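In what follows, chain A forms one complex with chain B and a second complex with chain C.
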Partner chain A sequence: MRVERRVLVAALVWLLLVTTPYWINAVGGYTELGSRVIVMALAAMALNFLLGFTGTLSFGHAAYFGLGAYGVGMTIKYLVPSTGLGILIGIAVGTLAAAIIGALIKHLRGVYFAMVTIAFGQVFYFMAFNWHTLTGGDDGLTGWHREPLNFGFATLDIQAHDTAFYYFALTCFAAAVGAMALLLRSPFGRTLVAIRENERRARFLGIAVERHIWLSFVISCALVSLAGTLYALLNNFTDPRALRWDMSGNFVIMAVLGGMRSFWGPLVGAAVFVVLQDYMSSHTQNWMSIVGLIFVLVVLFFPRGVLGVLRGGSSS
Partner chain B sequence: MSLLLAEQVSCHFGSLRAVHEMSVSIAPGELRALIGANGAGKTTFFNLLSGFVAPTSGRVVFDGLDITAHAPHERVSMGIARTFQITEIFPELTLRENLRIPVEVAAGHRLRPWLARRASAAISSSIDELLELGKLTDKAGRLAGELSHGDQRTAEILMALALRPRLLLLDEPTAGMGDQETYDITELIRRLHRERSLSILLVEHDMRVVFRLADRIMVMAEGALLAEGTPAQIAADEKVQKAYLGDATA
Partner chain C sequence: MGQLILFNVFNGLIVGAFYALMALGLSLILNLSGVINFAHGGFLALGAYLAYTTMPYIGFWGALLLAPFLTAAIGLVVERLLIRRLYGRDPLYSLLLTFGLAYILEDATRFIWGAQSLPFPIPDWLAKPLSSEFFFLTGYRLFMVALVASAVAALFFILGRTRLGMRIRAGTLDLETVSALGVNVRVLRNVNFGLGIYLAGLAGVLAAGMLGLQPTIGTSLIMPSFVAIIVGGLGSLVGTLLGGLLIGVASGLATVFMPAASEAIIYAMMGVVLLLRPRGLLGEEGRLQ
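Presenting the complex of A and B:
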């Protein structure tokens, strides 16, 4: 019965996502907003791989998101005008940085882990901010745009058509989410849940806890780097704010808002966050106060997030 | 040859000598009990053997290999499994899921991103055997945190067994149990020892359990070994009587 419900939820989610360009205008949105939801949902779900399923809170995921964004932008601007290669390089840069930093911090726990991830994140932020000749500094990396995808036998113009870009982003999202789902249902995924549930027990079941946390961190950051590349391609631009700690905070808010113990929760959280941001920011500059208030209310009264409420569990 | 050998192992926390120059040799297939008053250093000694804390001095040898510097997960992969004084399970997972994790780890699948159908069937079969051994088959789908205290203790032993250990360290397996639950756990330990020739080191306060199960008994006092011998020798030892047992074996 539980499996049937899970399949039903997944089917509903994919149906909504695949048909978004056909109904989003009718409800006052636009296709680019749908793309933004997809990109932010991928970032939040990637963070949740570490937060919700391994029990390790990172407040520095924007660093790898931003490295992905700068990776794709700088590849297209300075090296080769290829979207595909740019994405691969963006992911590689973010993943490499995560592998190195993760190895340094894998033994830390709780608030110490969170604080150190912020610190490393800010290092990348200030590098992007100050290295004006390479990154464009505070003005951001401009003068480039996403290139059409050439498959040899056909070309997909994701630059000129918002809908084409939406489906391209959705394809990347599907691949990443599919990989996450596969991993979480695997023996490796179960070791991560074991670490989240009871680290001491996990250690004495023969699980090399630090190595598994490192792997989870690297996988999570690789996927958030992919989200970063899509974010830069969506905007044809990136700037140091993509790396800043408040962007990391946004990912955490999305995951908690939607429900970090559920697979699809961060997608719901990202949708709520991005749509609220889009709607409220056209009415007030203080839109973040309203998002913050909603976040506080959800944490206080619905700790399992929006999806938890929809499932009928208001507490615990 | 000893399966486990601890030589002059000490663990000092500042001026506190929690364990001081303890030496132990456990033979393959032996069931050894470790007793002593609260604060005698039994659990610290357990932690030293399982790698939870590092010794200040001395060495631990398992199956001829010096494991003093080995991490807990490395000791587990060599064949040392343990339970805790306070039950350590995964309360928000079902009993079946609790058992599945160590079964998969023991089968070498811990880093696998997927499982073949045959491997998955073998895992399920191992879990079923464990559930049957612990007489918990009908509770497999329940959350572990919702099981009775006795079932949780049994589940923790089954999790350790799932690792296919050669040495099982049981830290007060009957703590907080009623008579029937104590009897059930005692019988389970006895079966494991007899039918599987499993080496077991048992820390226990209930002297009925200790004297019913143990081949040999060690007594700790103030971090050091006070006495060691067969149950009859320990029961007759005046030092032990005076320091710890009283008329508990009567």
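Presenting the complex of A and C:
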């Protein structure tokens, strides 16, 4: 029974995502907004791999998001005009940084882990901000754009067509989300949930807790860097704000807003957050207060998120 | 060169004193209530702007005295209405709430006082350099160091010698027992939060005198304060103080030799400390879990 419901939900989600370019204009949106939802949802779901399913609170994921963004932008600008290679390099840079930092912090827990990840996140912000000759500093990395995809037998022009880019982003999203779903259903994923539920017991069972947390952190950050590369490609631009602390906070609130104990929760949260932000920033100067208010209200009245409330019953 | 180094070390000490003042307030709240107050920078800015607004009526000294108390009063209300609800829950929620508060406070200061930076006048005799040889040694800078030192001394006196301080320290170790002994823990946490915010407000007024007023004045100081706590060691206020001064001086020295790295160096220090001594310089064992 439960399995059937899960399949039904997944089918519905994919149906909505695949048909987005056909109905989004009718409800007042535009294709680029759909792409942004996809990218942010990928970031929030990747964060939730760590937050919701491993029970480890990282508040510094914007760093790896931004490393991906700068990785792809700088590859296309300085090295080779190839979108595919840029994405690979972006992910590699983000993953490498995560592997090193993860090794330093894997034995920290709770508030302390959160604080250290916040602080480490700022290193890359300052680097992007200060290294003016390479990154463009505060003005951002400009003078490049995403290149058409060349498969050898055919070319997909994701630069000229918004819809083509949407489907390209959706393909990356599907690959990453599929990988996460598979991982979570594997013994490795079950072990992560066991660590979340009772770390001491997991340790007594002989599970190498630190190594699992490190691996979960690295996987989560690798997928966030993928989201970062897509974000830069979507905007044909990136700036230091992509890796500042408020971006990390946005990822966390998306995950919580949608429901961090459910697989699709962060997607719902990202959709709500991105659409709301888009609407607010064009209607009021004080959208920062409104985002802040969303944080406060979600924490006080909605801690289990949209899907947590919809599902009811089982407490989180 | 010698004077340049001396200048930057002294400058680093001042900056470090700010970090320490911020970080001590953060540490107080974190140790007793388990809450990372991300809005601390917002309260710092609020203190600075409140001093700016009250100064025309009560002068610099009156504002210096009053503004931190006003900030603390707002802090007490915020704790009472919002933060109190989240004690004992996953730290995720208090972090998100104070994150949202930081947004709101920054936006509110921008809305009320404007986005452009404002001048913050200090008494003339404080603004003058003390000698022509050490041009950087203005009276205000010395005054700041002295004031931060006395604030820290007063804080340690309160914690070490008064009943309130004893309760805070005891609560940090075992809140349940303290509660069972008849101490009103709700009031204790409330007062402790106010104390932390008072320090943020004081840092705000002092920082405004040196840097001028900007809505983002607090956000630029909060990250180094986190680093100060981590370097100094979680759970140790002396460690926090030491961490703040240490990263301040390190950042000042980096300005001499490699200006671009003046901000990155404190994070590099944090990395080294975490690698060699994960609980921080003076941190207590077992606080990490």
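The rule is short, and it goes like this: the second predicted complex is superposed on the first by the 307 of 316 C-alpha atoms of A that agree within 3 Å, B and C clash if a C-alpha of one lies under 4 Å from a C-alpha of the other, contacts with A are read in each partner's own complex, and residues count from 1 in each chain.
Note that contacts are C-beta pairs under 8 Å (C-beta built on N, C-alpha and C of every residue); 3 or more make two chains touch, one makes a residue touch a chain.
It should be emphasised that the depicted structure is a prediction, and the values quoted were computed from it without experimental measurement.
S.K.: Clash or fit: chain B and chain C on chain A?
M.R.: fit
S.K.: From the overlay on chain A, compute the angle at chain A's CA centre subtended by chain B and chain C, rounding to the nearest 10 degrees.
M.R.: After fitting both complexes on chain A, the angle is 80 degrees.
S.K.: Now for A:M127: first (chain B), second (chain C), both, or neither, which partner does it touch?
M.R.: second
S.K.: Classify the contacts of A:R201 with the two partner chains as first (chain B alone), second (chain C alone), both, or neither.
M.R.: first
S.K.: Return the chain, chain B or chain C, that is in touch with more residues of chain A.
M.R.: C
S.K.: Which partner chains sit in contact with A:T191 here, chain B, chain C, both or neither? Use first/second/both/neither.
M.R.: Only chain B; A:T191 stays clear of chain C.
S.K.: Pick one for A:V209: touches chain B only (first), chain C only (second), both, or neither.
M.R.: So A:V209 only meets chain B here.
S.K.: Please indicate which partner A:T171 is in contact with in the superposed arrangement: first for chain B, second for chain C, both, or neither.
M.R.: Once the two structures are laid over each other on A, A:T171 reaches no partner at all.
S.K.: Can you work out, in whole Å, how close the C-alpha atoms of chain B and chain C get once everything is superposed?
M.R.: 11
S.K.: Would you tell me the residues on chain A in contact with chain B in one complex that are also in contact with chain C in the other?
M.R.: none
S.K.: Write out the stretch or stretches of chain C touching chain A in their complex.
M.R.: That would be residues 30, 34, 36, 82, 85-86, 89-97, 99-104, 106-108, 111, 223, 226-227, 229-230, 234, 260, 263-264, 267-268, 270-271, 274-275, 278, 287-289 of chain C.
S.K.: Using the touch definition from the top, list the residues of chain B that touch chain A in their complex.
M.R.: So the residues of chain B in touch with chain A come to 50, 52, 71-73, 76-77, 81-82, 84, 88-93, 97, 100-102, 104-106, 109-115, 159, 163.
S.K.: Going by the contact rule at the top, pick out the chain A residues touching chain B in the complex.
M.R.: Listed in rising order, the residues are 182-183, 186-188, 190-191, 193-194, 197-198, 200-209, 212, 215.
S.K.: Going by the contact rule at the top, pick out the chain A residues touching chain C in the complex.
M.R.: 51, 57, 59, 101, 104-105, 107-112, 114-116, 118-120, 122-123, 126-127, 130-131, 245-246, 249, 252-253, 256, 286, 288-289, 291-296, 298-300, 303
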